[in-house]
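You will see two complexes here that share chain A, one where it goes with chain B and one where it goes with chain C.
Entry: the complex of A and B
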């Protein structure tokens, strides 16, 4: 499964309770669309740390890194390159 | 008699017109600007013929518009019904019908805005903030209405607000609060928190709940400033904001602090202005209280307890007693009497567990249009809280549990029956029991036990997807377990206490 598929299926299953790919656009704002709330963000971070071997630091926890599938993918790629 | 909330706001606007009242993102509103907006909203509603006691509902997230609308409705002599913005259209329309709202002020960006404004057509007049919907009024036009010359005078017993709390779809529970309730509770809170006009609070609590509501009113009543922070999703940002806004105060429920403590090092931030923290909305684990005290030793931490039915606040633990009374909800706030009573309604002896009864000017007159539910909790002016506790020999109260099976998850009080009703709609569900199970961050999370009908196989995702359609997101079960039988008493009642001891 590609990185994109892994992130998408986690969000679809955990927060939208579906496998219907059409309900989530990679550019959708997860907070803005009410897909994820504050505890959901924590769960998302735990998922990223567990499945992609990255450490999400305090200063990484910003919407620019986490608020859409596209942003998460870009963040993961940056993190994985820097390690 | 203390001044009403609107008159106190007017006083702040006259004494400190240029002081900051509200900050939200890039927006900064002075008391003069806020008061002008309040008078414009009041004038608009009065020009439209708003009757005294008419209900005006708000479907707005925390924002400057929320505050202008709230105080504008009060200044026009109306009753504010601030709706839970996490709710779905079915509950929202249910509440609007139940309180017979004549107006709704809603944010066009709300996920249910379309469905709700459609429902309102021909029933409820609508004002739309942040957008346009056909056959409604625009918020911008409301704000440019020539200001009303004054506020509509009210008596302390006049109804000011209705807050819908943890009822079920079939039976909404609207807590009525009078102007006297609101001002009395504000005065009590100001007395023990010692708030002043130099105070600035960073607020993450929803204003539509009683806790956020009281944070808002107390700070505006002293001429302080409320900095609105939209959410807690990015704890680092919240801490930076606390520092850059030189906030003197911060309020949260146990999960707010659990979340912050789990993700950031509080001691790493420059918080020299921070003077007080308040915590209410359920018991905070003593370990987290200790961690907060250690990380922020210069900050006064107030542990508090209350209920929507008591406007917000009933008790507080003085910070200097935190150490020797750890785990206590403290003593009654000024103007409130608390008692622990047994099943016969007789005061219990020290250290004996009973139900907390409360008396004071902050106790609601009852539930909207529901004398039966009102009779169940109000007795000669005393409120039966449903919370079980004991009082130690020094008069400090310690909560021991709840009489009802209400679930408390994060800031939310949730009636399990509402979720059970939703799940029972699914084909193939034989029986269902919903309970709260312990969770480190949220206090409790929702777990559903389902006994499928014979020969039927159900999928947890299918159950959650159905709940997602029907219920606010915080009411969706975190976990779903299928069972072959549910533990029952001899009379056939499900033994929920056995289910609630498991994990998610």
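Entry: the complex of A and C
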């Protein structure tokens, strides 16, 4: 599974409770669409740390890094995560 | 405390018989194990299940007036009965018991339907006026004691709990979809609706009068707040002094009993106040009870112990494990008769059983102080959000939200941007009375993503904001903002969940009467008149309440951060990744599909998330508990035709072996 598929799959399973790929666009704002709430961000961060071995610092926990599939992928790439 | 039930013929019909009244009232055995009583004639039947607390020998109900033309069956306590009796005797009324009940019939003789205004108490009353062929049902002001009713062809039937109504085979057994959606938004249906089609709840502060085949309900009391700050405000010292005197009197009245009275001591400010008042202003020996948990996130035992030592009470703590919660949950729902979104009532049901086992029938508790004196975080959030809404683009204003949640391990305040986004919801509604409740309702209603297509269709036209607006007073948006929030809270969470599922129902499950001095209506009215800042001073909650208790509590309790009472939620139902049998069964594809409220495929993913321990947020936990409890309500009240088979289901669920380690549940 590619990086993108892993991230998409996690969000679909854990927050949208579906496997229907069409309900999530990579550019969708997760906050804006109510897909993730404040506690959901902690779950997401746990997932990123456990599955990709990245360390998410306090200053990383901003919408620019986490608020869409595209942003998450860009963040992971900056953290040198291989595909 | 007790249970009541009855039947009224609205037109020509067979007389209510003792057999059917017995069938109804025996469903309420847990509310009144000390004996049954009946009154019936050609048109009406009143039944009563007694929990003897005042006038143990002579207070058997139903009770009548001098010439037996007025009869009453009631559940509750009339705390000012001694004062009322004095006045009534001076007015020439003659009493034949020493009960608090009897003042009701004489007050009715004196004041007609307005008798209810004179009562200081908690009550669900059924009164029959034989001269006028009139039935009067009345419910107390805050909604402490329950009263349900339904119309069947030519009859009105009523009872303390829905299970007593369901002995009548003609009543439909169906869940109302909009009422379910209301539970999954406001935590409660909006009275008079209940989750059952055709079953109504008499709202708090209302009377129902049935006469000449017609039924009318009217409100006799409501929470009400000032439109502008009081023209003549008094000093904080004056308010504090008046409040202390009021609370001492409320506690004094609510200790009236011919059996011993205990108190719940949660470790928080409110129950500490009640126990401190008992200790310092009465001769009643202090006997306290509390719940403790293995998980530090929920446990408050250190705070409880501090109070126990400070007040030198004789204390019993009941340890509650997740296994206990799992084991007891079906029985909880048998008593709540409605879906719930938290497991929190469960430890309280277990605690009431312990209280019973220790020989007590009555406890005083601290519930109500948060509603009356502005104790909840939701009031602080609302204050911050309104402040923020005046300058929506401000970066500084929302930062103050981060001060709100120190007690939660998985605090929603971390991740400031996400927090801001969450709390900035509904800014366009900043002047609406329900503004303060939008974040909670939004989180709760995430359960809607699990609704089946039929359920979604049934509730598609339902608007939660329009719906609540219809129930609010016409001038509410001119009230002080805190007053608006308090009103909405009192009419949703307080009566519809806290006092019922987490209060009356689980205490009554073990035949325990809970009493609430903070809900003495004089205390409520005092609180409602206060300038907001004496309730919420900046972000310090219950300011005047704390001030009124200076010197009577350890400083640490007065200044302690509020920790709302909570119990472990979805994690209670799994052991080492395996669900209890009954949970697996009720979450199965077949059961979900047959019941029809939820989409089994979507629910399966939530189940998996909870099973693997990844459900750490409120939304997922509320959804899990909400779905499980709905399936239990469906199983126990909709699917099963008889009360007996329902009873079997509850006990069988509790006795099911847990596969992972062989323990029961």
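Everything below uses one rule, namely that the second predicted complex is superposed on the first by the 80 of 83 C-alpha atoms of A that agree within 3 Å, B and C clash if a C-alpha of one lies under 4 Å from a C-alpha of the other, contacts with A are read in each partner's own complex, and residues count from 1 in each chain.
Everything that follows uses one rule, which is that contacts are C-beta pairs under 8 Å (C-beta built on N, C-alpha and C of every residue); 3 or more make two chains touch, one makes a residue touch a chain.
Here the structure is a predicted model, which means the values were calculated and not measured.
A.B. asks: With both complexes overlaid on chain A, does A:42 touch chain B (first), chain C (second), both or neither?
C.D. replies: A:42: touches chain B and chain C.
A.B. asks: So, A:59: does it touch chain B (first), chain C (second), both, or neither?
C.D. replies: A:59 sits against chain B, while chain C stays out of touch.
A.B. asks: Please work out whether A:9 is in contact with chain B alone, chain C alone, both, or neither, and reply first, second, both or neither.
C.D. replies: Once the two structures are laid over each other on A, A:9 reaches no partner at all.
A.B. asks: Looking at chain A, which of its residues have contacts with both chain B and chain C?
C.D. replies: On chain A, the overlap between the chain B and chain C contacts is residues 13, 16-18, 31, 34, 36-42, 61-63.
A.B. asks: State the interface residues of chain C toward chain A in the complex, per the touch definition above.
C.D. replies: On the chain C side, the touching residues are 410, 412-415, 417-419, 421-422, 442-443, 446, 449-450, 601-603, 605-606, 608-609, 614, 616-619.
A.B. asks: Using the touch definition from the top, list the residues of chain A that touch chain C in their complex.
C.D. replies: That would be residues 13-14, 16-18, 31-32, 34, 36-43, 61-63 of chain A.
A.B. asks: Can you name the residues of chain A that touch chain B in the complex?
C.D. replies: 13, 16-19, 31, 33-34, 36-42, 45, 58-59, 61-63, 66
A.B. asks: Using the touch definition up top, name the residues of chain B that touch chain A in the complex.
C.D. replies: Touching chain A: residues 111, 231-237, 255, 259, 262-265, 268, 410, 441-442, 461, 464-465, 467-468, 473-474, 476 of chain B.
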